[in-house]
Amino acid sequence: MTDHLATATEVAEALRADAAERDRANRPPLPEIDLLRSSGLLGLPPDDHVGTHAVTRVIAAADASIGHLLGYHYLHLWRFGLFDNHEATARIRRGTVENGWFWGGASNPGDVLTVTPSGGRLLLSGRRPFATGAAVADRLIVNATRTDNGDRLTLDVDAHHPGVHHPDDWDNSGQRLTASGSVVFTDVPVEPDQVVGVLPPADDPRMVRLVLSSIGYQSMLAQVCVALAEGALAEAAKYTRTKSRPWGTSGVDQAVQDPYVLAGYGEAVAETRAAALMVDAGVSALQAASDLGPAITPELRGETGIVVSTAKVVATGVANRVTARAFDFIGARATTSALGFDRFWRNARTLTLHDPVVYKAKEVGAHYLTGELPTPTAYS
Amino acid sequence: MTDHLATATEVAEALRADAAERDRANRPPLPEIDLLRSSGLLGLPPDDHVGTHAVTRVIAAADASIGHLLGYHYLHLWRFGLFDNHEATARIRRGTVENGWFWGGASNPGDVLTVTPSGGRLLLSGRRPFATGAAVADRLIVNATRTDNGDRLTLDVDAHHPGVHHPDDWDNSGQRLTASGSVVFTDVPVEPDQVVGVLPPADDPRMVRLVLSSIGYQSMLAQVCVALAEGALAEAAKYTRTKSRPWGTSGVDQAVQDPYVLAGYGEAVAETRAAALMVDAGVSALQAASDLGPAITPELRGETGIVVSTAKVVATGVANRVTARAFDFIGARATTSALGFDRFWRNARTLTLHDPVVYKAKEVGAHYLTGELPTPTAYS
Amino acid sequence: MTDHLATATEVAEALRADAAERDRANRPPLPEIDLLRSSGLLGLPPDDHVGTHAVTRVIAAADASIGHLLGYHYLHLWRFGLFDNHEATARIRRGTVENGWFWGGASNPGDVLTVTPSGGRLLLSGRRPFATGAAVADRLIVNATRTDNGDRLTLDVDAHHPGVHHPDDWDNSGQRLTASGSVVFTDVPVEPDQVVGVLPPADDPRMVRLVLSSIGYQSMLAQVCVALAEGALAEAAKYTRTKSRPWGTSGVDQAVQDPYVLAGYGEAVAETRAAALMVDAGVSALQAASDLGPAITPELRGETGIVVSTAKVVATGVANRVTARAFDFIGARATTSALGFDRFWRNARTLTLHDPVVYKAKEVGAHYLTGELPTPTAYS
Amino acid sequence: MTDHLATATEVAEALRADAAERDRANRPPLPEIDLLRSSGLLGLPPDDHVGTHAVTRVIAAADASIGHLLGYHYLHLWRFGLFDNHEATARIRRGTVENGWFWGGASNPGDVLTVTPSGGRLLLSGRRPFATGAAVADRLIVNATRTDNGDRLTLDVDAHHPGVHHPDDWDNSGQRLTASGSVVFTDVPVEPDQVVGVLPPADDPRMVRLVLSSIGYQSMLAQVCVALAEGALAEAAKYTRTKSRPWGTSGVDQAVQDPYVLAGYGEAVAETRAAALMVDAGVSALQAASDLGPAITPELRGETGIVVSTAKVVATGVANRVTARAFDFIGARATTSALGFDRFWRNARTLTLHDPVVYKAKEVGAHYLTGELPTPTAYS
């Protein structure tokens, strides 16, 4: 991993340099994806959750949107593999490494995407309102329902096909560069070998493993939260050291000597570090569950989900608090749009609304009190 | 006041209608000032702090930038009166009522503005880096130092004179429409009757009353904080009622039935109401101190400052917390730029950095422990 | 009121002098009740909620148990009056003024107290598990159900009758001196004129006024919360001024100069003051509703309840936080049992569990969102 | 470690059974020390910080006073070893294993303990105001200054010698059973081989290792904080499951179904787990620094201190918050003295005042901002 982390650190430096400017410009993050592509980071093994999470944290601290896209890219690839369709998985991963494919997804619950058989292949149609990264992806993981037999399929789809349309309707106050707007499919052809798997019924034992993916996405969101706190603190510290002025009645000569600034940083750093360790524990649990392959049980899946939900509860609070509080350490002059320091909070606040964290806390509490495990859903 | 509050409510409705859009567009708030002008609100008696604060709260809940500008406008006018230069005060107030002048200020500490005698009048020159509202003002209250004798003068200046230049350098992440950029004066003529007063030395008894103005500005900042929390809650509630969807595992049919949403609103409403009462107490103290006129003592001024600082400590926390937390009540779909709901938090976070609130808390604590009164400064 | 507040201040001084010691000794608060009796404070007009609350705050800041008992005493007396049984009310109030009766209560919901007709009078029997102040009361307000016709009566009962037994089963970690253990009645005779009223059915319009009493008790609990925060801060400040030592690396000579101590006090004082104003607003609303007499409507009752619940939400948080945090201002040496400074927190934590405050927040939130008014219960 | 943890779990069960009762009785914890002695836990290798901390956490969750005593016992033993006086160390550790010695300490800064040479040995005299565990110890680690040459010695002292007197002046609101009162020495003889080491001057390189002990004690305090939160949650959960009643308007049948109770537990569990991981990270850093032996550098010592201070900042907040909030999960009936649930908070609040945590936060902040390392003291 050391090499990959070094690469990630370099990419992060490049992203950090103009992160505020790119956030303001709000253009599709194609150059950013190119940067990831040329770095080779898109090709890391997606089953190595510890590795991909570590890389994601580094990237997301510099640019949380790009970190989010990268983290999801890894999870999409991993998710294909959960069907044990070895041929498809091998082809997809090889293609990713060789071609630097960036993966987006269109597979959340409530999709009304359909595939209709037509001359030996399927035609994919429909609209999905939120599809993170789809507008800048090379390939897409798509869940769709067959119109003839109701099967729910997981597909590998070419994002560049002319039948794939992105209405450019993502204009958000946070995570602006995640290209998370809608995607519309119009008779996009899907060949048989692009059908990676058929989702079994909810009570089928194979679903235990397949819905492990929900926990993966939750873990990644928690990871980006930690990265946001770390990124905000790092940028604030640089500002405090180089630009902040001591307050008139503080009695000190430099902002880095102000007792309130010092203790404020200390408290924020401490809660960020604790959250990072908790998220690491979630990643380790995810790795262990993922490594079990088909041997995973509903109980182990549930326990894994509880560790990750615990991490998400902690990381959510920390991301929201630290990105807001860091402003106190840098002062009024740091509120210019040019500095764009508010992007950390806007990103945190947007990301932490993905699904309401209080329901994660409820899950953790129920498990602590009664041992109850969360019902598998797209969010747990 | 009832009539003025009714007028303010109407103006607020108009401002609320496109507040998010205007925040995004980030244009000089000239139409907004016109709206205030035509409503007659600019002409309220500036010594009636209870009245002007009440109007400001209503306006600021709809648009915190415009509320901020209006609140400062009143304080600038009141501040002229503290010199007991009745002729000038009468002329200024009459001109304001008759012409609908909007007042901005360029008088913070550390100014390097100078006036140089030249043929029976003075020529004002220099640059002031932050001058809230100056770019859209008709008239300015300006502090400047005479180059010949070092006298510090408070001046009534025509903002439309060609020697007054605004570099349009305000582009901020919050309070975007306060037109708070720099102002440059180049040989702007100031007639003798535009010199409203000469600031006495810091230890002159008359300064006790003159520096009451610092407390006025602090009180107004606290008022806008309360308005921000109220405005965010009102807009969030409308959204929760009409657009939010209940969470999948909540077991309720509507977002307004979710137990966490309900208790969340209750806690936020409660702390906002308590802060509003505390700010009201600050305004009452300011009114009483202001009503004393020259009879005010250093002790009474200090005690007034403590009440207002107490209000500011409470209001600062509430504004930052409530504007952030309200997102939890409306959910992920509410993070679109079109809704622009993040403006409440961006405004709060910017406003609450005006001066570091922990030093206000320190003042309040020192007074509680030892009876110590804050040293008069531009911020206390 | 000025005289009563002066008296209350004197009584408070006496109570404060040995409050920690009495808390430890945990004896029935008979001497404390005697102190209240001899001061004349028991005889204040119970319809003057503003007055009785103000006196209660002063007493409760010195000794929260005794303040709690006194506040309830006033409410019990007021509650009798809600039946418009003028003769009984006059007799009860006259007796209270003339004899210095201290009133306790045994009337919470779920009571299984019964009265059985027997020779022209009623015999009261049964057990009530929690009866604040009953063990040290002269007279009791009791709710009981007639065994023959199911009528629910509100009675004026002689607490000294030998059929009234107190098992001395109150040993609590907080509010230790409230004598809130169980009370057992065994054939206690109740004459016809001791039946102050018959509770109508829940949907009878007269119940609107009668259940205003629930709101009165809630308001009083909020008042004691504020008093606890005020009392803890006052005692802490005395300690910081006279006994605390500056921390070794603080760089200051006295604890009252430590920047963290100063800002800590400032923040705690500020939130306590805001809570006090919010509770005052609740008391004013209660007073207005009480003054309406039979003219009160369900809507006005509900709105009053919302203001008081808002106050309770704020005061609960403040009491718990401030009584805990104040320890930081006085340091490790202040944790001795002799000082007993933990009694403020133990009292706050116990008092704030009387009924779960999150359900009050839920009420306030529901009202804010939809205008819904709380269903009248013994707690709302 | 598995065996030791199993033993610790058994001892903890025994301590938990009557922890509330023993807290109330407030007797010297001699039976508790006997329990530790007979379990063999006193003899664990004191250089295995990971092991001793793990055992301490288990014991402290059941009884924080006893956990505190045990944790300090291990550190005292380890501290002797830092002098590299192998003979003394071997004798002391052998004696501890063979005789089940329990160690207390009298060595904080500011001691005015002296040793005077007298006929080939030293006579120890003086008073130390706070000496955790000394009153129930078999042996003491004592720092004292030679009257003839000013050398500061670290001594192994027989706590049962008649010249060692304990005035029984520890009566505290928290950590009641830590026997932390004063100790008085009157001509207690100290043989040459009981002088384990001579403290070099502060700037001597050997001091780097010797003052690593301060960091050990800080780490142990953080460990007990985590244990307090864990202990409170475990006891609360048992109560919620078996005794708490659902609130009347909650709409659920059991307290374990209340949405606020569930989310409350979830949040408290999550922050406790994160703090536990942070404290574990501190212990690992301590272990690594300790394992370096004389090779430790000032930089490594300082970095270790920062990790442990970070842990302490987090653990302090969690202990105070969770032990207070857990009351909300169990309700009003849980405030009886018989249950004694407030002991968790009283212990936490007392323990977290040992030294002011805000100065730890300041250290962490200074290090983050500028790389500054804390000056070695008895607390850092």
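Structure notes:
Order of writing sets the labels: A, B, C and D. Residues in every chain begin at 1.
Here is the rule we go by: contacts are C-beta pairs under 8 Å (C-beta built on N, C-alpha and C of every residue); 3 or more make two chains touch, one makes a residue touch a chain.
Just so we're clear, the structure is a prediction, and the values are computed from it rather than from any experiment.
Path length between chain A and chain C in the touching-chain graph (shortest route): 1. Chain centres here are C-alpha means, and the one lying farthest from chain C is A. Distance between chain centres (mean CA atoms), chain A to chain B: 40 Å. With centres taken as mean Cα positions, chain D sits 52 Å from chain B. Counting partner chains per residue, chain D has residues 259-260, 263, 358 touching two or more of them.
The residues of chain D lying in touch with chain A in their complex are 233, 237, 240-241, 256, 259, 261-267, 269-271, 273-275, 277-278, 280-281, 309-311, 313-314, 358, 360-366, 368-370. Listing the residues of chain A that touch chain B in their complex gives 171-174, 247-250, 260, 320, 324, 327-328, 331-332, 334-338, 340-342, 345-346, 349-350, 353-356, 358-359, 375, 377, 379. Every residue of chain C that touches chain A in the complex is listed here, in rising order: 259-260, 263.
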